[in-house]
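Per-chain residue numbering starts at 1, and chain names A, B, C, D, E, F and G are given in the order in which the chains are listed.
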């Protein structure tokens, strides 16, 4: 039978993959994608707890997290776009170097 | 898990399978009737009879992004409004007009967003 | 770290003043494209959906008509002029024939003059209907195209009964016309007009009251009058800018002096105005045809001429009003039986030059509306 | 609930039933698209004073009347497309290029699950019904972006981006227009929608006429049909995002277009036109076989009518320019859909609190409609600029 | 891949396999013949007649022919009008971008041999069959819509005679009439005619 | 049993596509894998009896956010730079691996007590009630958050646009 | 204005030069080559002439040594039309451009460059117009020969 821990492990692995992406991706859009993975892992966590603890709080929080993710991506991509247009590249390391 | 939702998975797989089957069938038939004859010029991208100049993967206007952004915002709004609308009649019985007021507040803020985007010209296609 | 990076990138002074780095790319429109009217090619520099620069490339239909004219006798050139503008073969026949007649000092009999006017006006109707259909096709309405072609076929039937051809007539000959027309032809013509004149409002009803059409045409592709002058715009396109300029009135040829007709004009000079002018011209053509029906005299339909007759040495330029504008023929003769040089001044050649200027900064769909509204025909441009 | 525990011993039968359903829907989609494409060509021909396909299929039929000619035309097209070479141009991004047609058809097929063809006659009446259709259809955008991007042709990319922007913009009015009926019905399931219309005593067309119009316009835009076909505008972008597709891959896009058209129309018929409710006929609580048959017939009639209107519109109007399209979606349809929601809320209150019957609700909604018309006269929502100047 | 190509030959060897292949031929050929989508592509005068053929009175659609703007989705290229040397490479490229099986109808005199532009013209290609293989030539300057439709029907007959798994019989230039080993031309008045009957570009007869 | 089958299938889908998201050299493909991953997560929600959440996941994540990301990629990408881009820091590999070990170890060792209360409905009904009652403040804050993010994005995007002229 | 009046008008403005009516064409005035841009500018801007509309310009080849360049222009104000002819050296035809005066002259000059080989110094965009860029020779010259050219058997 599938229990809570199964979902938690899945979510942990997904989170770590996201983290790996955030740390290794050069492209800012790539980093954003990896961040989305981490959001999703959090959501799985929430929903799994919600399901096994018989509480709807997790469900409601999932929707809130989705909202926050949407807001984050909206602003994030806008930032990336504007950075790109100023510098014509969006590689995070080089951006950090440029700004000192 | 509600067994009904197994249908979603099945249909996703089935639809994809249907198309893939069609593709492989077409691929087989074209080879059977020998209409599969790739060549270098055939593989060139179509550009009104001219050899294509440069890559098509160029960077485009930011315009499209603004629409996508607005879409995300209001899509999220829909995620809150659908449960509200679906439960409207029951909530009306339980909470009375309070829930209407609550949603009105929510909507008002988002309409502000629409008005803001409108005024800022984010809705103009330049 | 992420946020710090972005913050630094944002707050640090940018190296180039924050210019928008939208990549411009080159887009080939044509020579094979559904809406470049044949084989026009436009090399567009695009910024997203917006045109930055447009370079029209012609010559894909350069068939050396002018060279061929130099190697044919004066009569043999007429079929070649048919192909000059296949939408209105009659006018291109006519302008060439007029030039020869002027050089050779011939005067066709009055009946021939009337037949020529009838044919030219019928051809104007056919050509405008063709324009209407393709114009609608280009702004995305398919059905008007079929309606206009349905009625165009009826005009072509008339031509067929007069000269046996549907498209390239070789009908207007030096000193007259190819064959006489009979009363039956004229009756059929009036029958057609009776059927067709009430249909013109239907064409308009398909578009005029349609907000989509308004939005796509009004204020799009405006050509100011000064620009018209400098570019040499003529015909319906300049009449859409508010000038009642028409060779039939300003420099009357044939029997246009004796005929009553209006020169429709519009002020706005945008796509919509050009459309309105053409639709009103349809009615004027019908009016002219009805007058011709009343006034046509009997008599010979042409002068007896030798097949290889010679034309005295000289040069001349004549021009008439084609459906597209001011079409002219510059003819030089060295005294032999063949033209020494035959140059056609064609309206489309002039109008295509406008595109470079007009298409700057418009959206892709406007390209279609603007190009179509000028009624360009490529063989005329390329010759 | 777990499938095995619920249907112990019957799981094989259950799987078989599910597969049968899948086969039925796939067959239905393929068949209906074949018929729709033929019908479209016939309707177009009728509108344009032509006869349309005549030579394919039995000659006897063609001799009988214009409407029976060329019955096998689409079948011939399909077989021909099967024989055509599949070109994958050399510079394309092959995986998304092939995945795009797969995705677009898959999405469409999956959305068909909840369509109630008749009383108790849908594949599976998910309790998120309407949302399922909307959510799944939103993936269509991806397919088009993939097709446009991976083709590596400028016309494709322009078409793909345009289309994505257009579909995104019209999804919002579409969802918000559906909120009205959802609110009235008090649930998301499609069958519940139909039953709610029985409960109200009138189709939701009346209380949310505005919503219906918005939904219909938005759905035309969603399925990229003229006059909103800017992504594949023939006279502008050659064939838009399908410019580089040939043979069977193109056929899949073609199929998806018509299947999607049927889908949006059937959703409209269900949500606004009472689905399988037979007009002027009391609905038995336990539908009899006769009623079921009649219901299915009614459903198809209503859907076909909407499909026919869509074809009619297609052959009548010029194409809308992209900026006007966006203006219409965001500045016109979206605020109006919120207004529609307001009206629907009012009607629901009338129904629940004041216990109005069908006639009362119809009257009230007509009144609301009149108010809206009045409002629109007073508050002019800025229309695309030039029209006002000219008018 | 080569194995697939050999299937028809193997199938014909098994008893009654020929019937199977004939049936397959019938289905595929009829489908191909009844659904020829042509490329929207006009060069010159003939393009107007091509448009007229698609319009209400003649209606290409009754043969199941509709236009597609991109070569990727077309089966038939109707070369309508004069092909100039400047345009020729583009037409060739477009032809090559069409997926197999593909057919070409050369419409009008210009596409056959230069038509009225045969003499004295420096910029016209004298016959499209110099650059792409042509299946059917339709005579006329321009051919009437009926002639074009007749040409299309002749092409349909040609397609119906094909065999699955064999390369189409298209030896370079014109389609060869199996009866006489001569190229086929199509004229509206006399049906199929042989080119040893001299065809004048019929508009070029002048007043004498 | 179906639940387990679906769980393992979906986990496989989610993890493999997530791997592709972080490892794929072609960013466009990575974006497409991200969508697949989102759809897989939606399936997991369905498995957890929350179909509405699954639908929202598809609608918002796969239909909107992913498109936004793809647009972001299309609008900023540069073909030369988009390929072969990855930092290969040792830390970038070590930290996630250590973290994964730690997390999985903890999860597997912990004792999770599943609640034995009566089953609740994870559909729209409970969501609507939460928004209107318990989570009302958060609900209204969401609207503010969306407004703020929209304003921010519009300002950032439009500012550059303005500087062109 | 009649051509005679044009010739007189031009003669008044440029007293050093002779302006005659072309013997071949009674509506045509011969212009000396040296005067090409100035004289046209005068015709366009002078209040008495106001030739604001450029009809066309073309060449007439007279081997072995003459190449005539004919301009035609029109005044939309006075409604008069005139042709002007410049005689060029056929071996090395070269004439200053007038494309800055009338935009319409732009393509006309490109066409003449393409088909007759006339060179227009000062023209901004002198490329071949009709023929492909790699085409050799100038087809409308009388002595042009090309392998594609089949002479009509008369």
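To be clear about the criterion, a residue touches a chain if its C-beta (ideal position, glycine included) is under 8 Å from a C-beta of that chain, and two chains touch if they have at least 3 such contacts.
Everything numeric here is computed off the predicted structure, so don't read it as measured data.
When the partners of chain D are compared with those of chain E, the chains appearing in both lists are B, C. In this assembly, A is the chain whose CA centroid lies farthest from the centroid of chain E. With respect to chain F, maximal separation of chain centres occurs for G (centres as means of Cα atoms). Between C-E and C-G, more C-beta contact pairs join the chains of C-E. Centre to centre, using the average C-alpha position, chain A and chain B are separated by 21 Å. Separation between the centroids of chain D and chain F, computed from CA atoms only, is 29 Å.
Centre-to-centre separation of chain B and chain F, using mean CA positions: 16 Å. Distance from the chain C centre to the chain F centre is 59 Å, each centre being the mean of its Cα atoms. Chain contacts: chain E has residues 28, 40, 55-56, 69-70, 72, 86, 90-91, 94, 97, 99-101, 119-124 touching two or more partner chains. In chain B, the residues touching two or more other chains are 1-3, 5-6, 8, 30, 33, 35-37, 42, 44, 46-50, 52, 55-57, 59-65, 68-73, 75-76, 78-80, 82, 86-87, 90, 125-126. Residue numbers of chain C whose C-beta contacts span two or more other chains: 18-21, 25, 27, 31-34, 49, 59, 62, 64, 67, 70-72, 146-147, 150. Residues of chain F touching chain D in their complex: 1-3, 26, 28-29, 32, 35, 51-52, 55-56, 58-59, 62-64, 66-67, 70-71, 74, 123-124. Residues 1-8, 10-12, 14-16, 18-20, 22-23, 25-27, 29-30, 33, 35-38, 40, 42-48, 52, 55-57, 60, 63-64, 67-68, 70-71, 74-75, 78, 81-82, 85-90, 92-93, 100, 107, 111, 114, 118, 123-125 of chain B touch chain D in their complex. Touching chain D in their complex are the following residues of chain C: 25, 27, 33-35, 49, 136-143, 146-147, 150, 206-207, 210-216, 218-219, 272, 363-368. Taken in their complex, chain E has these residues touching chain G: 85-86, 118-124, 126. The touching residues of chain A, when paired with chain F in their complex, are 1-10, 12-21, 23-30, 32-34, 36-37, 40, 43-44, 47-48, 50-57, 59-60, 62-64, 66-75, 77-82, 84-86, 88-91, 93.
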